[in-house]
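Shared between the two complexes below is chain A, which has chain B as its partner in the first and chain C in the second.
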Partner chain A sequence: MTELRELPYLQETPFTADHCLKCNICTQACPVVPVTDLFPGPKTVGPQAQRFRDPDLPSPDHSVDYCSGCGICTLVCPHGVRVMEINTQAKAQLAAAKGFSLRNWVLGHNAWWGVLGTPFAPLLNWLFRFKPFRWMAEKTLGISARAAFPTWAGYTFRGWWRRRQKRGAVPAEESRPVVVYYHGCSTNSYEPRIGKLAVQILEHNGFRVVVPPQACCGLPLQSNGLFAEARQFARKNTQSLADYARRGVPIVGTSGSCIMALKGDYEHVLGLHDADTKALARGIYDISEFLWNLHRQGKLKTDFRPVSAFPPEVRALIGDSIVPYHAPCQLKAHGMGRPALDLLDLIPELRAVEMDAECCGIAGTYGYKAEKRQIAEDVGAPLFRRIRESGAQLAVCDTETCRWHIAQMSGAHVLHPVELLAHAYGITPDSPAVSV
Partner chain B sequence: MDDLLIIGAGWAGLSAAAFALHRQPNAKIRLIAQGIGSPIVTPGWLSVLDSAKGDVLAAVRDLITRHPDHPYALAGAPALESALRLFAQISTEIGLGYRAELPLHNTHVFTALGASQTPASLPIGYQGAAQAGAQPLFVGFAGWRDYYPALSGGRFALITPPISNRPWDLTPTDYARHFDQPAFCEAVAHALKPHLNDATSVAFPAVLGLAHHAETLQTLQTALDVPVFELPTLPPSVPGTRLFNGLRRYLLDRRVRLQVGHPVGCGVLDGKRVVGVEVIAAGKPQFFGAKAVILATGNLYGGGLFSDDYGRVWEGIFGIPVQYTADRQQWFNAHMLDERGHAVHHFGVRANTHMQPLGADGEPLAENLFVAGHIMAHPIGAPSPFEMAEGVALATAYRAVESALMQP
Partner chain C sequence: MQAATSLNCDVLVIGGGATGAGVLLDLAQRGLRVVLAEQNDIATGTSGRYHGLLHSGGRYAVRDPESARECIEENAIVRRIAPHTLEDTGGWFAAFPPDDPEYIPHWLAGCKAVGIPTESVTLAQALKEEPHLNPKAYAIYRVPDAACDSFELVHTLTEAAAAFGGITLNYHRVCSIEKAGGKVIGALLENRRNGAQVRVHAGAVVNAAGPWAGEIAKMAGADIHMTHDRGIMVAMNVRWVNTIINRLATPGDGDILVPVGTVCVIGTTSVVIDRPDDLDIPAEEVTQMLDAAEVMIPDFRKARALRAWAGVRPLYDPPQKREGEAEGGVGEDGRFITRSFRALSHADVGAAGMLSIVGGKLTTYRQMAEKIADEVCQYLGVRAVCRTAETALPKPSWFSGNSRRLHSMTHRLHQLEHAPTHNNLICECEIVTRDQLEAAIKASPEGVSLDDLRRDLRLGMGPCQAGFCGYRAAGVLGETANLPPAESIAALATFIQERFRGNRPLLWGHQLRQALLDEMIYRRALGVPSLQPEAHATSD
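Coming up: the complex of A and B.
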């Protein structure tokens, strides 16, 4: 076997195709292949089609558009081929050739809609649950009428943060070690409670949290093939955050997929190889990864209350059941194990079990596209069935669109790991703890 | 810190995790692998010593006396016997029913190219070969380039199963998913009946169901009223996928941490003890601490050993010295799959009877580092490692787990 580490140039995403043996391990593991005849599989559209792809020639294969970008192919490949990354780059080339798609542009720019929509939250929340509107959106834009949209919180995390700073709610102890919180778009506009809990959990563990200016991670743009704009967001983030990373200030985020974009996709998908990008990739952590590292150093506070001391509405949801945990595809791509599960194991009386199921199907914006909605539902069916069969009413998952999709399709309440940790610490946001 | 960290998700790594669970159900076990391992590219049956006539375990004991540094000799015959028994038990729990009754005898199985193989233990899909009778009918699917039944035997039938036209080739896994549906099985059986005549059994390529394999076999057997069995296909191997998927669920449900994706870059040692490993992960290396580590990364094909065109061969994670032939002329034997073996297949690391890999000085490299499976050297002159691949994987995994879980 060729040792990849010995041959740095072969680590460039397109060249990893040279390691492909055509064994089809990726095809048998791909969650999209079994549910549709429209996608021939990651090997066919990736390493196999790669030799026909020339930057100056039209794309040889349009079916790559049906790749959900979950990245399971890259994970299962024993030879080090970056299958998903090759396919995402091919998708971008295809999108450029096809020209402007209003729907993909809209889905790619969720960062804007989150913030712009905030003042109109009640209206928009009503509108997005008003069936004729969703029907219209499907017919005109191609955005699935069945997909679960998040609700605008009506305020942003950043707004809450500014008000909190102004109030001086937390004394600025300069001696405390600093962490940067990277909230991402979803926490900012739809689920500020997760950001509030994360900040308080970090403070509870003795840190001073700072929230510098930051942009969307760019993942929705990247998965819709809008690489130029994704790179603009990436540069904003590296400019704002790389310096912290260089100074050894950890950057901690609560969305497993956004963090993965900063950790890996900027380099391996968007092709950014500058020093800032590398420094940021090294210095950014998923929150569970960060807290578990603290625990390994003996620095995590473990004053966890048992489940029996949780608020009654949460206790009722957990009951006597196991808590199913779904490790999202993009979280698996970190290569950091399952730190959320490791942390949940510290909570007395909680029994979290990782579900043996691959992708939930939503894959970011993929499942919001009308023509791919059925695929997204069918891909996740084994996971939804496992959760239902477990009898659990409460499940855990680290990324937002996965949570919303699993909740909609399985009927369970799906929380971010920090929500359960917060219950165990006795920390509440100033909104209801379980927004269900 | 984990009680046991296993590197590799092939036959040896996956079995080691399952064996460790049986020994210590509450142990914290983590399995790390770069990609899915060997089961998906092997037939999915269990070769212990294919050339053995009569009692296979007796033949292995004989091999052990002739080659005292053979992996079987290091693990010991009792480890092989216990491993086979435990594997059969676990495989039954996951619905695959590998048989390992003693005395163990090799059984004749058919292959896609009409050759005969003699593994020792079979999952249920292959077991029907024993009742093949004089006139097995080999069935293929019209237009499927992965399998052509006329190459398997004289009596064959090509049927056109009810699959919508797709503009690309189907993989064995695609067919297997179709066979998971009872209506599809019924339709296949219906299409096949006119071809049956006086066939004594029916052989299919190994695609008879993925998640509902046992039910698929039953449905076809009932509908056709003769024994039904499978032949291995080109990769990806469906019997191997069933095993991988079955063991994955088995391990996850029992709270083993299973992380397939990123390779282990290096081991971290403190003197003569391994304290953990570093995974080449996104952004930065990730450290995983463990009380004991089992290295089951395979040989040159599996990704455990590396080579270059200067004729060097090395182990990639701990830098364990490899026993190999430096003369590259011998790497290019014209008979790659020669039954007498091929020099490169015998390359590997040396170990003692605790499965501790040995350093250049012949002493264990670290007291809590163990090896299992194909990464182990086979003595030159011993039979081909291929005719005992799974048996060696299971025996050495069993022995490595025994040693590893005794670590403080």
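Coming up: the complex of A and C.
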């Protein structure tokens, strides 16, 4: 008999609405609810509204669009309702019904702009800091003039990687265990230094790193309702990476949100339930998660230098202060604890302290939208205040847009955990290949 | 007690179900002065406790062709005159193993004979439309079933009748029928809100009391042999199907699945009971329903069961069977009795002018009303024709009947989105706002119970079963109707108890967790007094 369904409905996201007990725990935890009247909260727009959505009709509740997609609701729900995923699917249906939005299309395709903009980095970097241009972008496109834009590095991580391979500077002994590095598009175009450090930290720990072809994780497309394209990106990634996962080769990435897209969203938001997607989801790790697992097996190198041996400019930033650490919502969703914090604890003289604040507010492209900008700033206000009050000039956070947003709003320098680990290992972005 | 008020009319109709409301409208539209008396709120008898199906007639095509023909005729009419009460889901008859394939040709012939259109559906197409359907279905036919909201229908009927001067007295119980000179002259009613008596002088009396028709007849000295046939239904929180699914087999238990609004309902059983108000829900019948549903939808019971309820079919078991009527009479199963209806006169017991309308289906309410109204007119010597089949019923302002789904599921979400604030949401599960509640409370200056508001607005019918809206609604009721606190609390206690009754047979899995949370809220946090456990569900 023909089985047309890919998966029993019981495992699909909309079905989880059935588990809701109305307890309001998600409403209590949602960072958007307390700062705006425009958003009625996760329970209302999620499991509750879901009962009234007709699969054949666009949902009439535009307020669901104010969900930032941070995922805290799904994390806290004690009954397994995938609230954020329900909301994201409803937002996509809304977007489809509304028709094309140039703004959302532009924000959704950041992966293209990253690569296309690279040769024009100086010009673009100037332009994106030029107030009248940003004012225009807000008026015409609805992209907030206040949001922090990244700077183009002027070269790509992949370019660097190719040149490095040509130079033969890649440790490639057959005896080394292999890991795949998933860089994501932000590391590729805006922050290649993070990729360079990650690769070298892995190599320092005895791995042979490979960087197969890959696409943007698709998260920006997904959160802007462009599911069809997001699925294309997802398929590219699963086609290229699933095979490694199946062979037991770990895939390691440096962006907490991208990794979460591969770990969970492909299946639960985009509805991809094929074997490749599942294999990839099981075989991909956040870099801190991966390194901390190594440590627990006694395999992580711990030749860390104390902060007093860090380069002077970093030492000056740290001073006598604690180093505030913010775990982005998307990273909390991994359900893996705080491996970055655990790793930072291994560095002598470093006092990394988690800022007990829910969300920085940016939530990917959410805080770039003019009508949501104020919400994004208000949501993060407690976090920014705590960083400011701590007196710290250097903070740590695992995902890119959060880092840029926190830096802009708190005035601190915000680094990726691998940047501090690299200082401790004595690795610089352009260190010659380290051999074991 | 003194008869405080008296009323004069041409016809008194007893019973505010679909049948009585249909009679009220029919006669009022013919220009008669009509009063309807209902002991509770309207649509709280069988009409408010039914399965929700506007039958195509397919179910009766083989064994009960007369009823089948009535159903298909009325189906077309109700679609025309009351589209806002329907969700045009369409229906399927589907055969699954172990259903007997031999039944199919009989069924097709039966449908053809009475004019029920059938269209064969391939399995691939069926699974595309209804992905949860058991893929072992081996024959599927499409028929024009629809889901019908009986609260909406009965309310619309009484409203339409009011426009012709028809009066509805809810919470008025008929206590006795008055006769003089071999005919009925009226009845004595009790206003159950304040205990006052109302004497109605009427030229004729229509007994449309559904399962209570025997009791009413007895008041006039007549004996109608009614069979009380109880059926239970279970509503699941997941709308497993968007099409009504009937088993393509000899009618049995748990063989129809009806998507209604946000839920879908499996039903029903058929157990002959003694009293029309025995609404027990035996646990084994619940299990039986879920087992039966899983023949059609394999994962059925894995969704959350929201509530179970029972209704009593008002079946008429005539002393002499008509031709073609099933032999064998009543066993412990009421399925052998025709679903067709009869109009009975009681002139033989000195109660001329009292006419009873018994049997039938909700689907055929209009034809039943037409038939009895014809007899009433004949008795009263009035010449007036029935126009209910051609006259569209008044539609609510929100209704724009151009979608395939006549009544659309997203309607309430749309209302909420356009409400002035999000904060006045009282019942979150069913989306009932404070404004809606206040308007409904103010519309009944005689006073309303929370259960009345539930029927009007679906208050407390969602997954939390009033856990979160009960106390809020009691507060709004108290404030709006200026009740002393003790009365608000009593109203709440009654409401919670009633909700719990529908929940009690379903306490497993998620609904058990929900019940415990609700219990914490009401008993532990709010200290709502527990009512005495009822020995038996009674009508008051």
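Operating definition for what follows: the second predicted complex is superposed on the first by the 418 of 436 C-alpha atoms of A that agree within 3 Å, B and C clash if a C-alpha of one lies under 4 Å from a C-alpha of the other, contacts with A are read in each partner's own complex, and residues count from 1 in each chain.
FYI, contacts are C-beta pairs under 8 Å (C-beta built on N, C-alpha and C of every residue); 3 or more make two chains touch, one makes a residue touch a chain.
The shown structure was predicted, so the numbers you read here are calculated from the model rather than taken from an experiment.
In the superposition on chain A, A:62 contacts chain C only, with no contact to chain B.
Partner contacting the larger number of chain A residues, of chain B and chain C: B.
By the touch criterion defined above, A:76 reaches chain B but does not reach chain C. In the overlay built on the shared chain, the residue A:49 is in contact with chain C alone; chain B does not reach it.
Of the two partner chains placed around the shared chain by superposition, chain B is the only one that A:353 touches, whereas chain C remains out of contact. Contacts of A:100 after superposition: neither chain B nor chain C is touched.
Shared-chain residue A:281: touches chain B; no touch with chain C.
Look at A:40: by the touch rule set out above, it reaches both chain B and chain C. By the touch criterion stated above, A:333 is placed in contact with chain B alone, chain C being left untouched. Note: residues 1-3, 5, 23, 37, 40, 44, 79 of chain A belong to the chain B contact set and to the chain C contact set alike, using the contact criterion stated above.
Residue ranges on chain A touching chain C, taken from their complex, read 1-5, 8-10, 15, 18-23, 37, 40, 43-44, 48-49, 51-55, 57, 59-63, 79.
Residue ranges of chain A in contact with chain B, taken from their complex: 1-3, 5-6, 23-25, 27-29, 33-34, 37, 40-41, 44, 74-80, 260, 263-264, 281-282, 284, 296, 332-338, 341-342, 353-356. Chain C contributes residues 123-124, 127-128, 131-132, 135-136, 237-238, 242, 262, 299, 302-304, 403, 405, 408-410, 412-414, 416-417, 421-422, 425, 428-429, 431, 462-464, 467-468, 510, 513-514, 517 to its touches with chain A in the complex. Listing the residues of chain B that touch chain A in their complex gives 1, 30, 33-37, 40-41, 164, 166-168, 171, 173-174, 177, 235-236, 241, 248-249, 252-253, 255, 257-263, 265, 279-284, 286, 288-289, 300-303, 305-308, 316.
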